[in-house]
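Note that chain A is present in both complexes that follow, paired respectively with chain B and with chain C.
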Partner chain A sequence: MSILIDQNTTFIVQGITGREAVNLTRECLDYGSRIIGGVTPGRKGREVHGVPVYDSVAQLVESVGMVPDGSVVTVPPTFTRDAVFEAIEAGVKLVVIVTERIPRYDVAQMVELASLRGARIIGPNCLGVIRPGVAKMGGIGGPAKDAAKAYQPGPVGVMSRSGGMTTEISSTLTAAGLGVSTAISIGGDAIIGSTYAELMPLFEADDQTEAIVIYSEPGGRMEAELARWVRENKSRLPVVAFMAGRFMDEMPGMSFGHAGTIVEGKADTAAEKIARLHEAGIAVAEEIAEIPGLVAERIGKVMA
Partner chain B sequence: MRFFEFESRRILAREGIPLSEHGFATTPEEARRIAGEIAGPVVIKSQVLTGGRMKAGGVRFADTPQEAGAHARDILALEINGHMPRGVLVDARAAIKQEYYAGVIYDGVRKLPTFVFSDMGGIDIEEVAAAHPDHIGRGHFSTILPHMDFRAKDVVAAVGVTGSELNRLTPILARLGQLFVKYDMTLAEINPLAQLEDGTFVAVDAHMDMENEGRPRQHELLAELGVGGEETREAREPTEFEIKGEEIDAADHRGVAGNVTEFEGNLGLVIGAGGGSLTLFDAVQALGGKPANYCEIGGNPSVSKACNLTKLVLSKPGVDKIAVMMSIVSNTRVDIVARGVIKACVELGHDPAEKIAIFRIPGAWEDEGFKLLERYGVEYCDRSVSMHEAARRAVEKVASADGRSAADEPRLEGRTSGEVEEV
Partner chain C sequence: MAAMFIDVEVDESIHADAEMAKKLEQVCPVDIYAERDGRVAILDENLDECVLCELCINAAPTGSVRVRKLYDGTALGD
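Up next, the complex of A and B:
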């Protein structure tokens, strides 16, 4: 079993000629991922690290002779909705949206189309997905050698609303000798394509995964949704959470860190979320360094 | 970005939602003139971006234009929760038969906009939801399929409304839903939505919030309302320090070194990225430290951007030391941030080794960064030292700055200053 990606997953990069996209393409290729093409309108015929560039997804599909499994979208916010619609309408089933500062309406539209077409969106405002030692899709973990340092294979699934903290937590798990099964940077926006609860069934079905670590923040209701999912489905996976941004509880209406952190009601605060997680038997770590111990305790492993 | 009530009303009018007769005034004379035109009892309402204006005396009733002018004079001079009013709204006080509530918000779990409707208007909708859940109708509507007014009808009918009321309320709620998505709102509510004695409906108060991400494409509306780009309309007005932070971030398009928020402490923070900053700020506070500011570095900013942000933080009165800390970076380069913060110290005439309490940024180009820090004698650490440990070190150094020397304290474990290998 695998979650979202494996060594055979093919994907494309939309906006591939942008500065960040060029780096991301290099990093993914070095890590062993299969990028079969890129799209930037008006740049047909170019290559980015040996990856052919096309004007459109349809043109790419025609030329390569296959529909890619996934797409990493890195186009500016104004053009993201169109790029994502283009990928989904071409039959792409996994879309990772890196772009940040996309208006919520556009995100809702992309997510709605994806659900009508049976596609999955990760992000926006995320760094993507990594299966340590197998493949990565997106800038997660950075250059291949840096990614190898932070991400070693192991039994812990990681889901995080912060891209950087995905790597910090995974590195801590790796250093403790536990390692990571799949890490997903789910995105920092108020509406995202895949929430913790929506990704849980994938981890649940994955033999490699024995525990879950989540990084969460104030804003939104997705921690309460996860708590409900864990209770109702009697998940076999112990979950350990870390909640950042506790200081924001005193500052309603302000947004820090990510767009999604704006507190729009009492249920959005860190304190309320911690209470919901505790009710579902989810351990909440006070410091990142406590996470490996809490995980090891729950899966009966002795720490390195 | 929050709108004043008078602006929210203009948006409703633009979309064909009926309003009570009203006018916006910034002087008592204008208020008196508007009340004269309405020619009947009026209510004078303070235009402030904060709640509780009724309790604070910011809403008053008048039977004559003279009285309206006098109330306007008082309200225009009345500060509410630290906010001075932008003006007053003079609103006709018609006889109301019943008050309703109409609102639209996003549901982040279902990821769709949601209509909220109640036949118990005029009070806080959260109170109604808690005490009378059977008086609230809710329903999602599509963001990609048009022609979905029946969704609004279902929500209104769900609280038991039928007859001509249902047929009059449905288009109002449907239009509110349309303007909500069209103008990138995160909240659009009419409360109360009043039915007058003649059976017609008018919006008597309205509250709207536009998402900052939507502002670039809402120029036309914002220009029409006279909302300038400099108006952040955040929960609290930006301080001079925060405005300078914005300028530093805007001066150079490479990376982020901004989102500066001022606090009252003595430990300056040069921290990142989004989630890392939240974690580190919490850590400093939990350990008894007093942060002077919040900020975010990310996306590989230039040396000058990191330098200018650091200078801003160092120049804040009361800042003794700074802590330079991030979660593991893969895009931002450690050496570039190191160069920026050292440059800031040197150019302001400080010894970096004394001013920088701790440097904890592991990741891309860390060897180059650590060598530079070594050369200036700055205490640093790699990823084997946790974010909380690094924060603890900074808090301890600030606490002991007056007393015993920080150098006498035990060093951190892991690869730290003094152990960098030569390349």
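Up next, the complex of A and C:
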């Protein structure tokens, strides 16, 4: 079993000739991922680290004779919607959107199209997905050697609104001898393609995963949705949460890092979210360092 | 890191034109241009993001902005 990606997953990089995409492509290839092509309009015939570049997804599909399983989208925000539409209409089923600052209306349209076509979007404004020791899609974990240090295979699924904190938490789990089954940087924007609750069924069905850790922030209703999902589905997976930005409850008007951290009402505050998580039986860590202990206790593992 | 695919050349005649610098900054969808101290600045780190839209070429006087495709030796705006 695996979640979202495995050793056979093929994907493309849209916007592959951009600065970040060139680095991301190198990192993914070094990690063992199967990138079968890239797309940048006007750059057909070029190569990026040996990966052939095409003008469009349709051209790529025709040339390689297959529809890739996924796409990492790194094109500038103005063009992201078109790029994502192009991938989904070509039959791509997993779209990881790295680009940030995409207008909300565009994101809503992308999410709607994905839903209509049976595709899944991760992000936007995310670092992607990693299955430790197998493959990664996106810049998650950085260069392959660093990713290998931070992410060792294990029983814990990780989901995080912050790309950097995905690696921080995974590194902490790895250092404690627990390791990670799959880590997903879900994106820090107000509208994203896949929420905690929408990804939970995948982890639930994955026999490698024995527990879940989420990194959360004030703003939005995703934690409430997760708490409800866990309660209603009697999840077999213990969940441990870390809530950053608690200080925002005491400092109205203070802003936090991600666009999704806009507190619009009482239900969006850190305190309210923590209460909801507790009600659903989800443990909430006060510090990152507490996470491995809380996980180990819940799955009956002894830490290194 | 130098750009791998794209280079942009701005003619000396508009280099010190603050209004043109602002216009180029405004039209470029991938932030290749910026107005700095009343001059046109090229942000090297964004060059490879160019989508060949020609908005910069159309915004400037004919022949004053050229987008060079380093990968095939051709240029837009010549």
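Criterion: the second predicted complex is superposed on the first by the 298 of 304 C-alpha atoms of A that agree within 3 Å, B and C clash if a C-alpha of one lies under 4 Å from a C-alpha of the other, contacts with A are read in each partner's own complex, and residues count from 1 in each chain.
Throughout what follows, a residue touches a chain if its C-beta (ideal position, glycine included) is under 8 Å from a C-beta of that chain, and two chains touch if they have at least 3 such contacts.
Treat the numbers as computed from the prediction; the structure is a model and nothing was measured.
Shared-chain residue A:R34: touches no atom of chain B or chain C.
In the superposed pair of complexes, A:K93 makes contact with neither chain B nor chain C. Applying the stated contact rule after C-alpha superposition, one finds that A:H49 touches neither chain B nor chain C. Legend: residue contacts after superposition of the two complexes on their common chain; A:T17 is shown touching chain C, with no touch to chain B.
Of the two partner chains, neither chain B nor chain C is touched by A:R26. By the touch criterion stated above, A:T78 is placed in contact with chain B and with chain C alike.
In the overlay built on the shared chain, the residue A:A175 is in contact with chain B alone; chain C does not reach it. The partner that reaches more residues of chain A, of the two candidates chain B and chain C, is B. In the superposed model, A:R298 lies in contact with neither chain B nor chain C. Residues 78 of chain A lie at the contact with chain B in one complex and at the contact with chain C in the other. Looking at the complex, you find that chain A touches chain B at residues 20, 23, 77-78, 101-105, 107-109, 111-113, 116, 139-143, 146-147, 150, 160-165, 167-168, 171-172, 175, 188, 190-191, 195, 215, 217, 220-222, 225, 242, 244-248, 251-254, 256-261, 264-265, 286-289.
Of all residues in chain A, only 15, 17-19, 22, 40-43, 45-46, 75-76, 78-79 touch chain C in the complex they form. Chain B meets chain A in the complex at residues 105-106, 108-109, 111-113, 126, 142-144, 181, 184, 186-187, 211-214, 216-217, 234-236, 259, 261, 272-279, 281-283, 285-286, 294, 296, 298, 326-331, 363-364, 383-384, 386-389.
Looking at the complex, you find that chain C touches chain A at residues 1, 4-5, 29-30, 45-46, 48-49, 51-52, 69, 71-72.
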